[in-house]
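One chain, chain A, links the two complexes that follow: it is found with chain B in the first and with chain C in the second.
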Partner chain A sequence: MQDKNGMNSKTKEKKKISDIKGFSSFTSALMAIVVGLLFGFIVMLLANPNNAVAGFRYVLLGGLGRFGDVLYFATPILMTGLSVAFAFKMGLFNIGASGQYTMGMFFTLYVAFMFNLPPSIHWIVAILAGMIGGMLWGFIPGIFKSLLNVNEVITSIMTNYIGMYLVDMLIRSNEAMYIPSMTRTKYIPQQVQIRSLGIAGSNVNFGVIFAILIAILLYVVLQKTTFGYELKATGYNKHAAEYAGMNGKRNIILTMVIAGALSGLGGAFAILAPSEIIGSSMTYEPINVIAANGFNGIAVALLGNSHPIGTIFSALFISYIQRGGTLASLVGYKPEIIDLVIAVIIYFSAFAAIMSSGIRRIFSNRREKESLITEPQIGESSENVDSGGNDEIEKNTNKEAE
Partner chain B sequence: MDTFYYLVQNMLPVSIPLLLVALGGMFTERSGVINIGLEGTMLTGAFAGALFAFAVQGSGLSPNMILLLGMIVAAIAGAIFAQLLSFAAVTMKANQVIVGTAMNMMMPALILLVSKMFFNSDGITTNVRYFIRKVPVLGDIPVIGDLFFKNTYLTVMIGFLILIISTIVLYKTKFGLRLRACGEHPHAADSVGINVSKMRYIGVTISGILGGIGGYFYSVGITDGNINGHNGVAGFGFLALAVMIFGQWQPIKIMFAALFFAFLRTLAYSIPLIPFLANLNIPTDYYKMMPYVATIIVLALTSKNSRAPKAEGIPFDKAQR
Partner chain C sequence: MENENYIIEMLNITKEFPGIVANDNITLRLKKGEIHALLGENGAGKSTLMSVLFGLYQPEKGEIRKNGEVVKINNPNDANDLGIGMVHQHFRLVEVFTVLENIILGVEPTKNGFLDMDQAREKVVDLSQRYGLKVDPDAVIEDISVGMQQRVEILKMLYRDNEILIFDEPTAVLTPQEIAELLQIMKDLANEGKSILFISHKLNEIMAVADRCTVLRKGKCMGTVEIKDTTKEELSRMMVGREVSLKVDKKESQPGEVVLSIRNMTVPSKIHKNNAVRDVSFDVRRGEIVCIAGIDGNGQTELVQALTGLEKMLTGSINLCGKDISKASIRERSVAGISHIPEDRQKYGLVLDYTLEENLVLQRYWQPQFQNKGFIKFDEVRKYALRLIEKFDIRSGQGPITIVRSMSGGNQQKAIIAREMDKDHELLVAVQPTRGLDVGAIEYIHKMLVEGRDNGKAVLLVSLELDEVLNVSDRILVMYEGEIVGELDPKETTDEELGLYMSGAKRDNVKEIYNAG
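Let's turn to the complex of A and B:
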C-alpha cells in the first residue's frame, strides 16, 4: 500500500492505517465468526430441519443464563489461547499446546497427591508445578527449532502424542492417584483445590481471575519491555532482528518455554477446579485422547488476533458458544456441532484478514476522496491516533523491523 | 523365522497408508503448498470409504470389489476435501498451516456428529472381511510368497502400484517437471508460461486423492474397516509428513521411511510375541511412543541438509520479485 502513495503523503497514510487497524482485526474476527455460525446452522438444517431454529437459538443465547459456567470453561482455553498467541507474536506456531497442557496437568496432579505440604501453600505449589511441566514440554520444540532448525509445527505435534502417552502411562501406574475400575484419577484433596468464586450453579473459581491477570501481564511484557519488543521484532523479520543484535536463538527457546508455561498453567487451573458437589473434584481420564483444549486455544488466539486482551474476549466467546452447544442437545443435536463451528471459524480466520484488507482498501480509497474535499480534518484524526496509541507502537515496530 | 514373517506381514499393511499419504504430501509440497491437513484428509477418505462399505456390505459384492470401489469413493471424497486447502492457500493466499489445522479439527467433529446422530455410535462399524489369507499362485513362492502374499490385504499391492506410478509421474513426465518447478522457483516457472496456480491446485488435489485412499487403507489394514471419531487415524497424517521429510521428498526414499516407521509401530504392538523384548519387561506404552520420538530424532538428524522444495509454504504472488 505504501508504494502507491508518494513520499509526501507517507506520514498521513501511516496514521490512517493505524486508525483502522484495530477495527479491521475486529471485523475480520467477526466475519469468521458469522461464517462459522452460519455453517453450523446449515449443518443443523441438513441434520434435522425441524429443530434447527430452536437448536440454533440455544447455541446463540444458551450461554446467557450460565455466566458462571462460561467463565469456568473459558479459563483453560484462555490459557492455551494465550500460549498460542504469545508464540504467534514471535512467528512460531505452537500447535503443541495440548501436550503442554496435559503435561502441566500431570505435574499438578503429582504435587497434589504425592507431596505433603501445609494447606496454605499446597495449592500454590501445585499450580507452579503445572507451570513447570508445561515449560518442560514447550522447551523441547523450542530447542529443536533454535539449534537444529527443525520445524516447530511437526515437533510440537509429536510432543502432543508423546506427552499424552507418557502422562496416561504414568497416571495408570501410580496407585496413589488412579482408580483402575473407574479409569480416572482420584478426587483431588480439598486443600489443594482453587477456591470457588461462589457463583451458584457453576464451578467457576479464582483460576479465571488468575488467567485474566496473566493476560494483562503478558500485554505489559509485550508492549513495555525490551524482551517483548525483541520478540515482536523477531516475529516480523527474523533477519532484521538478528542484524540489529537481538539473540534470535535464545528468544525462540524463551518464547516456547513461556508458551509452554502458559499452557501448563491452563492444565493446572483446569484440574484444580473445585466441584459444586462436596467431596468430588475434576478428574483426568487416561484414555489416550489428546486434550481438545489445546486445539481450541488456536481458535481463541486467532480470533483474538494474538493480542492478549483480545484473547480474553475470544476465550469468553468460544466458551459461550460451547455452553450453547451443550444445550442444543436438548433438541437432539450433539455438542460436536460446536467443534465443527470452531474449526470453520479457524479456517475462515486464516484468510479473513485478507478479505477484510480488501474491504479496507475500498474504504480507504473512499476516505482519500473525501479527505481531498475536506482537507482540514487531519488535526481531528491525529487525536484518534493518540487514543489507539498501542497500535501505533506496534506499527512502528513493524516499520523498523522491515 | 515365523516371527520375522509375522512382523513383515503385519508391517506392510501399516506402511501402505503412511506411504500413500506421504506421497500425497510430496506432490503438494513439490508444487509449493504445505499440507498439514493430511490427517483430516485421511479421516475424510476413511469415513467416506467406511460409509460406502457400510451401504453395500449386504449386497453380495466380494470384499475385494468393495475395496476397489471404496478406494474410488475415498479418493473422490479426499480430493473434494483438499479443495478447502487449495482454495484458501492458492486463491486466497492464506496461512497454509492454520488452514491445515482447521481441516484437521473439522473432520473428527463431523464424523462424531454424523455417527452420533445417525448411527448412535462414535463411528462406523462395518463387517466386510478384507483379509486375504493367501494369494493364489503367488503365495506358493518360497520366502517371497510368505513375506508378501500371505496374511495380507489387497491394499499392499495397490500401494506399491501407486508408488511406481507416482515415481514415473514425478520424474518422467512433462507434468512432473512443471510441478517441481512450481515448488522450487514459481516465478521462473511463471515466466516460461506455466500456470502456477493451476499446478498448485493439481498438486493439492493429488494429495487429496492419495490422502483419501491412504485413510481408507488405514481403516482396512489397521482397524478392520471401522472408523471412529475419537481415535481417528492416530496421527498417521502427521507421521506421514515426517515420513515425507525423512524421505527427502523423493518417492523411493519415502517408501523406505514408511517401512521404517511401520516397523516401529508393528514392533510396539507385537512385543509379547518377541521373547527377547518381552523379557525386558518395558511397559508397552514406551513402544507406542516410539514412532513419535523417532520422528523428532529423525527430523533433527535430517534438518541440516534438508532438500525441501524452496518455495513451499509461500503463496505465489505474480507481482512480487
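Let's turn to the complex of A and C:
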C-alpha cells in the first residue's frame, strides 16, 4: 500500500516538471547550445589544434569581462528577435525584420538631423519615428498577405532589398546627413542620443532597458489580452479562428505592423546609442548590405522558442557568445567561427525541440500505462491509436500510387 | 489437417503502442471462399489489425500464416505479393486518368518498352464481365459515380490476381441501392473462390452478407461467431459490452414559428466549375429537427458554410428570426443566434493546442463577461469552464487546463457541443455530429439534439448516416447535386425511398412550395 502511494506521488512530480511548457523549451534550448558549442570546439580543433582550448575558453568566458557590451549588442537583436517571434505566434514568418530595422534607422536619422526640437523630447521623437518607419515597412507585406494572400516571406524578402537600397539612396543624396568622403553619416547630435547606463568601457544605454520592458509588455499582450488570444488561436489554427468569427485580415495587418514597429525600434535603439568617445556617435554606412541584425533576429526568436521572455535570454546569450567569439581572434581564429557555432546551435534547437517532445511523450506514456493499470479506461487513447493506424494506411498507399 | 481450410491465419497477434495495447492476443482465421466480417467500434483495433496484415505494422507477438505456412509481411508490397488486396474507405484513384489507366497503374503491361494497352483492356473487360463489375474502361474517374469508382478499386485488386480482398467500411459512401449491388458483388466474388475480409460496424450488412464474424472490443477479441447462429442484438452486445438502445427516444415535435428561412441560395463550388448549391430554399422552425440527407459531396458542406458565413453566396438570402443576415459576418451571425457544430471538429471546431477552457470560450472570449478593456478575465473563464465540464460531463486528464489535442474524439466533440449549446442561440447547425464516435457518444449527442429541440430551438442536422437521418429528424430534406430534391417525413419513408432520392433517381419539385409561399 505504501509503495503504491509512493509511486503515485512520484508520477505526480514527474508530471509537474515535464508538463511545464517553458521547462521543456528551456531544456531543448540548453541541449542545442551544448551540442552547438561542442561542434564549435571540434571545428576549432580541426582549424588550429594548438590554440583550440584557449580559443574555446575565450568563446565560453570572454563575454564575462565585457558585460556592458553584451547588453549593448543584445539590444537590436532582441528587438528584431521579438519582431520575428511576435509574427511567428500568428503563424507569419517575418523575414523582413532587416528591412524594417533599416527603415526604422533611417526615420530616426531623419528626425535626428532634419528636425529642430527641444533637447528634452528630440530623442523620444527620433525613437518614435524609427518605430513608425518599421511599422510602414511591416504594413506592406501585411496588407499584401491579408488582401491578396501573397506569401509574406516573398514580399518581405523584397521589402528587405527595397528598404535597404531606398535608405542608401536617400542618405547618399542628403547632404545634411552624409559625408561622402567617409561613406558614412555624420555624427548624431548628442541631445538625440539615448542616455548611457554609465558602465565603463561600453556603449550600453537605456535602449536595453526599453527593449526588455517591451518584451515583458509583449508577453502580457500575448498571455492576457483578447488580442493575444486571437493572435495565438490564428497561429495555431486559422480555420478555427475564422470559424469563431475572428477578423483574420485585420489581425494579419496588425501583427505585421507591430512586428515592423519592433524591428524599427531596434534600428532606432542601435543608431541612437551614445559613443564612449565624446563628440562621436554611431553612424550608418550606405554600402548596399542588408542589415545582419535582422537575420540574427530570426536566430534569436528560434532559440527563444518565439516566447518574449525566452527571447530576452536568447538575445543575451547570442550577444554574449558573439563577444567571446571576437576575442577568439586573439589566438588566431577568424570571428566567423562564432557565426558557425550560432548556426549549429539554431540547427540543433530544432532537433532538440523534437527530442524533448519525444522525451515528454515517453514520460506521459509511462504515466498513462500506470493509470491504465489502476483504472481500466482505455477507450480514449485506443481511439487515437486506431485513427493513427488509418492514417498510416493512407500514407502508405499514397506512396504506392505514386 | 484443419489448417488446410484456412487461407490466412493471424494467430495471437499482439500489437502495442506506447501506453496502449491496440491488439491483445487476437486470432483471426479466414477460410478460403468465405466472407468474414470484422466488427468493432472506433478504437477497437480493427484498423490496427488490418495494418498488421497489410504489412504496415509489425506485431510484437503472434504470427501470420498463409495456407498453413508462416509468412513475414514487412510492407504493403509483400502483402501484394501474397495476394492480399485492399479497398480503402477513401479511394486511391487518379482523378484525371481513365478507368483502365487507373487499374493498370503500377503493373503496366509493356511490349518492347511500350505500354501494351490492348492486352490490359482485354483482361479488364474479361474480369468485369466475369464478376459483373460494370465499368466503362475509357471513362475518366472524375466523371463517374462513386459506386463505379468503387468497382474500379475492386477491379484493381482482381487485376493483380489478389485472392484475399479486404474491404474497409466500403458502404459508407454508397446509396442503399449501391450497397445492395456491392453486397451482391461480394457474394459473387466469394463464390468464385475469393476470400473476403469485410470491416464494418453496420450490423445489417454483416447479417446480410457474411458467413462468419469476428468481434473486437477495446483491442481484445470477443470471439468469432457463425452468422447463421447469431442475431443483430447479440453482435451489438458483443461489440459494445452492454445493451444499447439503437432507437432515439423522443416525443412528437411541436414546430413553432420559422427561425431560419433560406431562399434561392446558390453557392459556387471550389472543386468544379458548377455551383455546389443550386437555388436552394427551405425553412427551419422552432422546436423541430430538420435533417439534410444526402450522399457526401452533394453540396451539404457548402450550404452550411454559406449559412454560417464561412463561404460567400452567389445569390439568395438568409433570414434568421426575421432579420436578413445574408451579408453579415461570421461573428454577427453567431451573435444573431446561430450555433454551429462543424463538420470537421479538429479543423474548424477547436484550437487543438489551446486548453479546454480556452476552447470553451472560443465563441465568447470577447463578451463583457470574459474580458475587461481587452484583458481576458481568466477567473471567469475558469468558472465558466468548470460549469460546462460538469454540466456536459466532458472528461479529460487535467480538467480545464487539459490541452485539447490530448483528449479523445468523443470528449472533443462534447466540448464543442457544450460550447455551442450553452451559447445564446436560436438555431443549432450540427454537421455530422456523430462522425467517428462510438455508440455511447452517439447516444449522448442524439439526446442533446432532441433536448435542444424540446427547449424550443431550431435544429438543422446534416447527416450522411441513414439510421441517424431516420431516427433523429422530424423532417428530412434530401440534397442531390446541390439541389433539394425531396422533403420527406421520417415516420412514413423507408431506406429504399430515401436511397432513390439520394441517388437522384427520384425527385419532387420542392422549390415550388417555398417560392410560392
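Basically, the second predicted complex is superposed on the first by the 342 of 402 C-alpha atoms of A that agree within 3 Å, B and C clash if a C-alpha of one lies under 4 Å from a C-alpha of the other, contacts with A are read in each partner's own complex, and residues count from 1 in each chain.
One rule holds for everything that comes next: a contact is a pair of C-beta atoms (placed from the backbone, for glycine too) under 8 Å apart; a residue touches a chain by one contact, two chains touch by 3 or more.
Since we're looking at a predicted model, the values are computed, not measured.
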{"item": "Which superposed partner A:E242 touches (first chain B, second chain C, both, neither)", "value": "second"}
{"item": "Which of chain B and chain C A:A233 touches, first, second, both or neither", "value": "second"}
{"item": "Touched partner set for A:N151, first chain B, second chain C, both or neither", "value": "first"}
{"item": "Chain B versus chain C as contact partner of A:T225, first or second or both or neither", "value": "second"}
{"item": "First (chain B), second (chain C), both or neither touched by A:A343", "value": "first"}
{"item": "Chain B versus chain C as contact partner of A:V43, first or second or both or neither", "value": "first"}
{"item": "Residues of chain A that touch chain C when the two form their complex", "value": "224-227, 229, 232-233, 236-237, 239-247, 361-362, 364-366, 368-369, 372, 378-390, 392-394, 396-398, 400-401"}
{"item": "Residue ranges of chain A in contact with chain B within the complex", "value": "43, 47-48, 93, 95, 140, 144, 148-151, 153-155, 157-159, 161-162, 165-166, 168-169, 173, 288-289, 295, 298, 302, 332-334, 336-337, 339-340, 342-344, 346-347, 349-351, 354-355"}
{"item": "Of all residues in chain B, those that touch chain A in their complex", "value": "36, 84, 88, 92-95, 97-99, 101-103, 105-106, 108-110, 112-113, 116-117, 229-231, 235, 238, 241-242, 245, 283, 285-286, 288-289, 292-293, 295-296, 299-300, 303-304"}
{"item": "Chain C residues touching chain A - in the complex, by the definition given at the top", "value": "17-22, 42-48, 50-51, 54, 56-57, 75-77, 86, 88, 90, 92, 94, 105-106, 218-219, 308-310, 329-334, 340, 342, 347-354, 358, 362-363, 365-366, 371, 374-376, 378, 395, 407-411, 436, 438"}
